[in-house]
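Two complexes are shown next, each including subunit A; its partner changes from subunit B in the first to subunit C in the second.
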Partner chain A sequence: MKVVAAIVLSSLLIAAGIVLRPLIATEIPASERRSGYTFMSPDTKAMQDDDTTNPGMLGVIEGEALWNRKGGSADKSCADCHHDAKVSMKGVAARYPSYDKVLGGPVNLEQRINLCRARHQQADPLPYEKHDLLALTTYVAEQSRGMPITPDPTPELQPFVAKGRDLFMHRQGQLNLACTNCHDDNWDKHLASSAVTQGMPNGYPIYRLDWQSLGSLQRRLRNCITGVRAQNYDYGAPELVELELYLMSRARGMPLETPAVRP
Partner chain B sequence: MARSAIPVVGGCFALALLALPRLAGGEELKSYSVTGDAIVESLTGEAGDAARGRKLVVDRANTCILCHSGPFPEDKFQGDLAPNLSGVGNRWSVGQLRLRLVDASRLNPGTIMPSYYRVDGLDRVAKAWSGKPILSARQIEDIVAYLATLRD
Partner chain C sequence: MTAALINVPKKARNGDIIEIKTLTSHVMETGYRHTPRGEVIPRDIITSFTCRFEGDEIFHADFFPATAANPFLSFFTTATKSGKFDFEWIGDNGFSQTASASITVE
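Our next item is the complex of A and B:
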């Protein structure tokens, strides 16, 4: 009842030309959310748009080969269980990080892949940010390209999303800046010559021209954390996964672009 | 989105406040007193060197031009997160510029401009920077001296 009443009230207010302020003044309203893509130069956009020039597509091709390679003491490939990724992995990346019942917490896509290696292939985890894990993650995520981000609605996950949001809002480092200071309050401006952007997670793993390689969302987050001269978190740290969760909730409905190209 | 204009602090800072010295990697932060919206006295007791100050401002490692633009024709990569520094010497006194650099958050608690001479009230500072102000007292004085020369 209450929800219905609120919706009716807000549509009346909107009809009357009164725009409700979002709960937190700085959060970006859904209608103004923009992918990092929209800030790029025509050349970089064209590079992403054309699969023959998008350097991230190499990761997809290499990921497909790894998908079909048998491994671990179980001597199984991903394909042995999941078959055609185009079917089984469609939409999966759009709702990660996701809840893992056994761990009782969130896991991101890289961690899910490594859990499959541990649990189902009896294989060692692939190291973060190295070629194989990036390629497999890119391959799995590319199966959701164009699909809207639809965060995992599991209720047990919500406290972790809230922690990610708190971290996003919290000033840190010698420069004493929070993510929100740049990505909510100043997204239309430039830091030196770089567009600040809204810090959207919808292209990962990306091919970043500055890195000259594929890289994960956590690598990007670690770059921003280093930028404000704060202590960094290790790859896979709960704080980074919580940030990922909040970023995905903030990007709800935005189409996935993996493998995106970014400056 | 929109950031409201900066209320330049008046009344409540009218009394002179004494900042407590802090440890900065073995070296004490120099104490200073705030009068109104300014630190009137040089942190080092000496005047800064404007030529050195200009070099410091345009050096990206000191972060100013990540946010600010200014009369720096040699640098194509200036930010637009903050006002252009041209003419800043007309708008503010030396003492006001000094407080702005030392601790801009005293003038505007919501500012994104870092406090360049402060080590307290910061969270999770990376080891390499921990306990150290972003700039030394002498660097602050050099930059203040340079900014004061920026007159339209």
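Our next item is the complex of A and C:
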């Protein structure tokens, strides 16, 4: 009798759409994964496609100048060690965040640039989300444009990917929403007039028209966390880097578009 | 640090109408915004843009607040002879940026 009641109740709940499917089943199948680009209007796509209309390319030009600028007490530029970024940085952004043996954990591209500054240039870190770090990151990432995302396979990284996935699946904030509730379950719908999208990380740093500037993946993540009215993480926080790691593993094989334009 | 992106066709035939596209980096701060403490963020915009062909002005634009950051301009001209286009942006706080591009007219 109890069993019958339970079956009746659960079928009623399912009919009413109240019972959530198990989280693991809601992940987007690989064949249905789409870049944010595919959700954009033809005008915005055209802006990204033409290097002379894509405002992100200004960051690439400025980043190239910074790549060659000597700095720090070692008086070295990025180019002094890494030479031509077109060769040495090709494919790098496609596998970041990557494992740092000294720190024993993941570092994203911005953090790698600042680690390089500290370890090899003896220079002060560039502040997060400010012009110089964004431009330099954009220049480095642009060298991998068109290449498929190939996450760093280091075994030591896998627990951090799992932590990022947990955070992605974890409901938080006053709206009590997890990333997955929008970006896995409802990516094909709209919030007001804006496409929800799948939350793919394949164009960062992006030139976001809403920001009127370049911005990092962490800025975008912080936007969403504010949106669900949860307590935010600081730039460079381990939680955000873990989330970046999971997002990159979720976008495996998708071509990098940096500098992407987004509405 | 500023940068400019110019798109001028490298070649054209005499009499062709050509499109010139320019993009320059600038914050275009309107002067109407306030900090969280209530202080006005001072205006910092590009105020004028000029394009010259072989020294002669062929296009000019004045800018005002409420133009988006990193302004993009597109305009047309008729190709009559080979030569050099000079571009100049002037703005608040002594901002000045120049760029140039050449065209071959057959």
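We adopt the following convention: the second predicted complex is superposed on the first by the 240 of 263 C-alpha atoms of A that agree within 3 Å, B and C clash if a C-alpha of one lies under 4 Å from a C-alpha of the other, contacts with A are read in each partner's own complex, and residues count from 1 in each chain.
Just so we're on the same page, a contact is a pair of C-beta atoms (placed from the backbone, for glycine too) under 8 Å apart; a residue touches a chain by one contact, two chains touch by 3 or more.
Values in this document were obtained by computation on a predicted structure and should not be read as measured data.
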In the superposed arrangement, does A:172 touch subunit B (first), subunit C (second), both or neither?
first
Tell me the contact category for A:53 with respect to subunit B and subunit C: first, second, both or neither.
second
Tell me which partner A:230 touches in the superposition: subunit B (first), subunit C (second), both or neither.
first
Can A:70 be said to touch subunit B (first), subunit C (second), both, or neither?
neither
Could you say whether A:252 touches subunit B, subunit C, both of them, or neither, answering first, second, both or neither?
neither
Considering only the touch criterion stated at the top, classify A:189 as touching first (subunit B), second (subunit C), both, or neither.
first
In the superposed arrangement, does subunit B or subunit C reach more residues of subunit A?
B
Just subunit B (first), just subunit C (second), both, or neither: which does A:212 touch?
second
Residues of subunit A defined as touching subunit B within the complex
26, 28, 170-177, 181-182, 184-186, 188-193, 196, 226, 229-232
For the subunit B and subunit A complex, residues of the former touching the latter
1, 3, 60, 63, 65-67, 76-81, 105, 112, 114-115, 121-130, 132, 134
Which of the residues in subunit C come into contact with subunit A in the complex?
1-7, 21, 23-25, 27-28, 68-70, 72
Residues of subunit A touching subunit C in their complex?
50-53, 55, 57-58, 61-62, 65-66, 131, 135, 212-213
